[in-house]
């Protein structure tokens, strides 16, 4: 289904070439200052072609084109339709809508009879016996606009309530990886300094080359995003099935084009011994316990321990490429597919706000659930 | 919460040292032949010390001790308390119960004042303001018994309905990885031939050495499990948030000690180009479309495409080790922790049935949901 | 929360004086012919002042004014924003939007400091610490537009799939009740012949007098709606908590201004003996079992038995009246409240499409869930 | 499904003649003192034959037999299997189990081929294509044991947290109704003084006669239960679909044999005018607003206003009666059914604890959800 969350619950809708896309955010706490500007900032980071960066102009311009040419003309301007009055949330459902301005179904005509390899054309047809015949329908990247709008609201609340900071950055493009990015201090401003959204100045040069090379070959390339969440209260996440890392994994693997998720030590942790992997406790200056190391990634037994949460998400190369592809049509007859429409050589940089806002949705929901438990538990404990 | 699934929905309960553990399975289709033996087989694979294998006896016996000494005396015998009559499911909730036979709270006494590093003692205390003081309570590995019992029922149904096969195996222990295991043909029998549950005969020797070495050092070691699901109908999984890989990721990261999940090409896919990664279609002999390669891992746009689904899950080294650990107690005072109770040098082999049954729960739920959509859609389509 | 249903799931949003109201319908089967006209018909029945009826013109015109003057200028024109293509549902979320054309917050200014008696002003303030200051916000009758739009889609599907007919009518206004309306044959056309939406020609005259009298006194009057559902497949409804009558009761009591629900024999049934109340079975000509009487109201043990489902819903008199009311403001200071804005002397006739569409939502959800169970069960049974 | 609630969530299981019945309570706040005795008290009130009352002995003994002979030998002794330690809740799932001691499937043999009129035999068969062949299976009254056990825990928490009192009593048996019972003061002790559980001393005499008369005729008789909830915090209930009265209606209509629900003025309110029905506000001595009258039944706009919540629930006469019934068997062949097994002439008195505990489950869930909203809202409001 197109809903996510329990107490902070969102429902999205919208195909790529219909009237628009949007989301209902149900359960956002009341009394939160909220305007469309709060939401627009992440939609703008998701949307391409709006960079004001001054560094490396020639490359920037070039890369902008490369990465974002597909949607330059769509402003993705959000409207709040309900749930706020006088700039404050009412506690009632907040509906956000973004119209589709740029509808060019013609671009995809050729694909109608031919399911695009590694896209969702074939599986939607199998699932629903019918499929949107233009632009991927619900499987389009535009579906993520609703998530980003909703998650921007979750971020705002987490910031107000806990001063929580969520920062994601590109940590790999193809074979090129970052080194030494400090997740304790990294900021969104630093991330946005490069169009690749990678704060490692040396890596970014190589990454840009990798992307340009893929573009020159009418091809695409995958990448990895690392995300850190700072100032997380302890106690978030439910034991058993709704462990905090399980919900984060669910959220991340629900983003189009993702193939993997790892938290804390991740797959490297599987190679380690317990004596090295265990995070020893110490007493912090505020009296609470902290851990010297953080292989746990801020989560133990499915519950946040107050340390930074960090995780990595793998993105496959975009399925839509300009190169000819030898495949078959829906009837099984051989066909050569050449995408003439929109396509990005690397979608990973644009996924940064999607990763951040999905993480915010998971945390906001877990925080509200824990708020109920803790308020009740504290009262009962103090009665003794 | 301790529930999972929508139409095939389970709820588990039980601490490690209470009266027992169990599960309610709600929504299992009626008319399914089901006896306790169907469930017991996977509980036995999860439970240690019951091997009748004849290969590599001396090492086997040794390793059995190493891995499984902790729970040799617990038979983990399941009772079906409701939901069946005359060996057939009634469609009503199926309750399964496994008593705790071996309650030795004394073993963990020392840990009461000292939260075990990288375990859940501290976070449970932060979450609930109170915590089970023996054996990890709900965070114990015994919590997984309920999942395995429920998932064994899901497996049975999937086998009856679609001939679905789910096979998991250990693909890495520490730095040692398998090579060339054929996921198209691998069977549980082959997996169970070694106690490490790794079907690569060369790798398994090295893996045993790694585990024995960790044991000799009173330490633990992590590992990776690969799982394949064959004979999956097309159309399972919901677009957007409940993509099939998202639910699988959720399920896998909810298993204790997991740190990562990847499906199909996974993190390696992030290094690839689209032209190499895209799975080209061809016409199969049954007339349906198949793909030449399967970097997608059997899922495209969140929906199964009929190819094998496969994924990998990373397990960290067990947190409870015999070696002294320098940490602090709950009040922040320095303390040395030495676990005298049960501990396993490597939990990964025992997690095999947990991975398989959690995968079955995800698929059974998705299959029932799709059954409703498809039945309705087909009827409407044929009316035209 | 503002969501309802499991497989046929809706989420609504919108305050009375914001930008608009709407709904997302998630889980509607694919391949269903659907246009805005299918939805508009029930929105028009909910909306006042559009009658083309020719009977009793002078009274009609009069009563139209009486009942519906509040919203004459709002067209309530629905737009489908997603989920269909070429007039057919895609299986993806269907978003419906109705803009608020007539925003007159000024009308309610006086009420800002004074919580309206028996309205939701005080409780919203207590719940959210903040409240929409005009027109009742989320507690306005306009909230029901989203439900009606969604339910109209559910009705369309039930009609296509099972030929299900849902007809509601006003069976009481104040002390005046209908006699002898035949629920086996009553149609919407017959109901709509009078503006009171009561098919009993004698009762309707008295009902109109009661409403006019209340209007003359700047007062309001309550009423009762009876609803029948014909052509219901057997097997709908879940044992235990989600019995079909429990879901219907939930749906009906969620409609603003409702105070009671009874199914089948209802409260009268509590006075009866079992020998009189029990519905004896007989063999119908189609070979299935039917019952001679239908005190059960078409539901036994929470599950539909194929007989007509019928139930009654009590509506209190509208809380907003023109007469002066002696009450207090939010601070507790005495205040006289006189509503100068919109108010209806009797809301019951306009609630007819709300009752019908909410009933449709309950049935559509139950039908999809049962479709999964039955498809699976039949397959397993036939394997034997 | 057999689950109910969101944050305070229960799942029940168990057929009448299987190994036992039970419930998992997930989400109960931690740090609540809880022992089996807290639960047993309501199970004992639900269970018959344990009365120590001294009034009207000859009638009492007689009536006890009449009403409760069916289950005299079942102790219904509850065991807590998980979720507590040292008499305090851990916040983890609480599992309660009650074994079935008295399994006499033979009693119902005759019914196997003949679906009992107005019972669930036929509909279960239609739904699941298979049905428990003894004692009604899941549709048996024993299914309610799980609810009562879970609700007793909810009651305990509500009492600790808000001093909430929930008292239900029989307000009608057949045509005999109570007069002048004061819902502001009525206690469970007063209710339990008569075996009919009716606190109106005059009515109870007539009620007993009605029940005895039905018994003498091998028949059954229906009744009505009134329930009041005192000390309810304001703000409980969600606007739109999960209004507090909607959830209560859902809960009540999910109890076996119920046919109607009304809150506050109920169906009588439908006859009233707004000027009489509106509850005018006044300032209470504690500074909060109260209402002079309470036709709203403590809920306005779906949200509790701090006044007493009260509602009525209609119970049909028990379907199983000793008298011969002319009906047909599953194949449609005429058959005479005479129940020789257990049957009660009036189930209403035993439903008292079921109504109370189901009400407690609704309130506990709503209270936890509101706790999250309010805690967050207050923090945000105070930040300004």
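Here are a few things to note about the model shown:
Labels A, B, C and D are assigned to the chains in the order they are written; within every chain, residues are numbered from 1.
In this text, a residue touches a chain if its C-beta (ideal position, glycine included) is under 8 Å from a C-beta of that chain, and two chains touch if they have at least 3 such contacts.
As the structure is a computational prediction, the values presented were derived from the model and not from experiment.
Across the two candidate interfaces, B-C and C-D, the one carrying more C-beta contacts is C-D.
Our note on geometry: chain A versus chain C, Cα centroid distance of 39 Å, whole angstroms. The centroid of the Cα atoms in chain B and the matching centroid in chain C are 46 Å apart.
A separation of 27 Å divides the Cα centre of chain C from that of chain D. For chain A, the set of residues that touch two or more other chains comprises 1-3, 12, 27, 30-31, 91-92, 127-130, 138, 239, 373, 377, 381. If the chains shown are joined wherever they touch, the resulting network links each chain directly to all the rest.
Interface of chain B with chain A (complex): residues 1-4, 12, 115, 117-120, 122-124, 126-130, 138-139, 143, 172, 174-175, 214, 217, 219-224, 234-235, 237-243, 245-254, 256, 258-267, 269-275, 277-283, 287, 289, 291, 295-297, 299-306, 312, 314-321, 323, 325-328, 330, 332-333, 370, 373-374, 377-378, 381. On chain C, the positions that touch chain B within their shared complex are 6-7, 27, 29-32, 91-92, 157, 160-161, 239, 368-369, 371-373, 375-377, 379-381, 383-384.
Only residues 1-3, 9, 11-15, 18-22, 24, 26-27, 30-31, 79-83, 85, 88, 90-95, 97, 127-133, 137-138 of chain B touch chain D when the two sit together in their complex.
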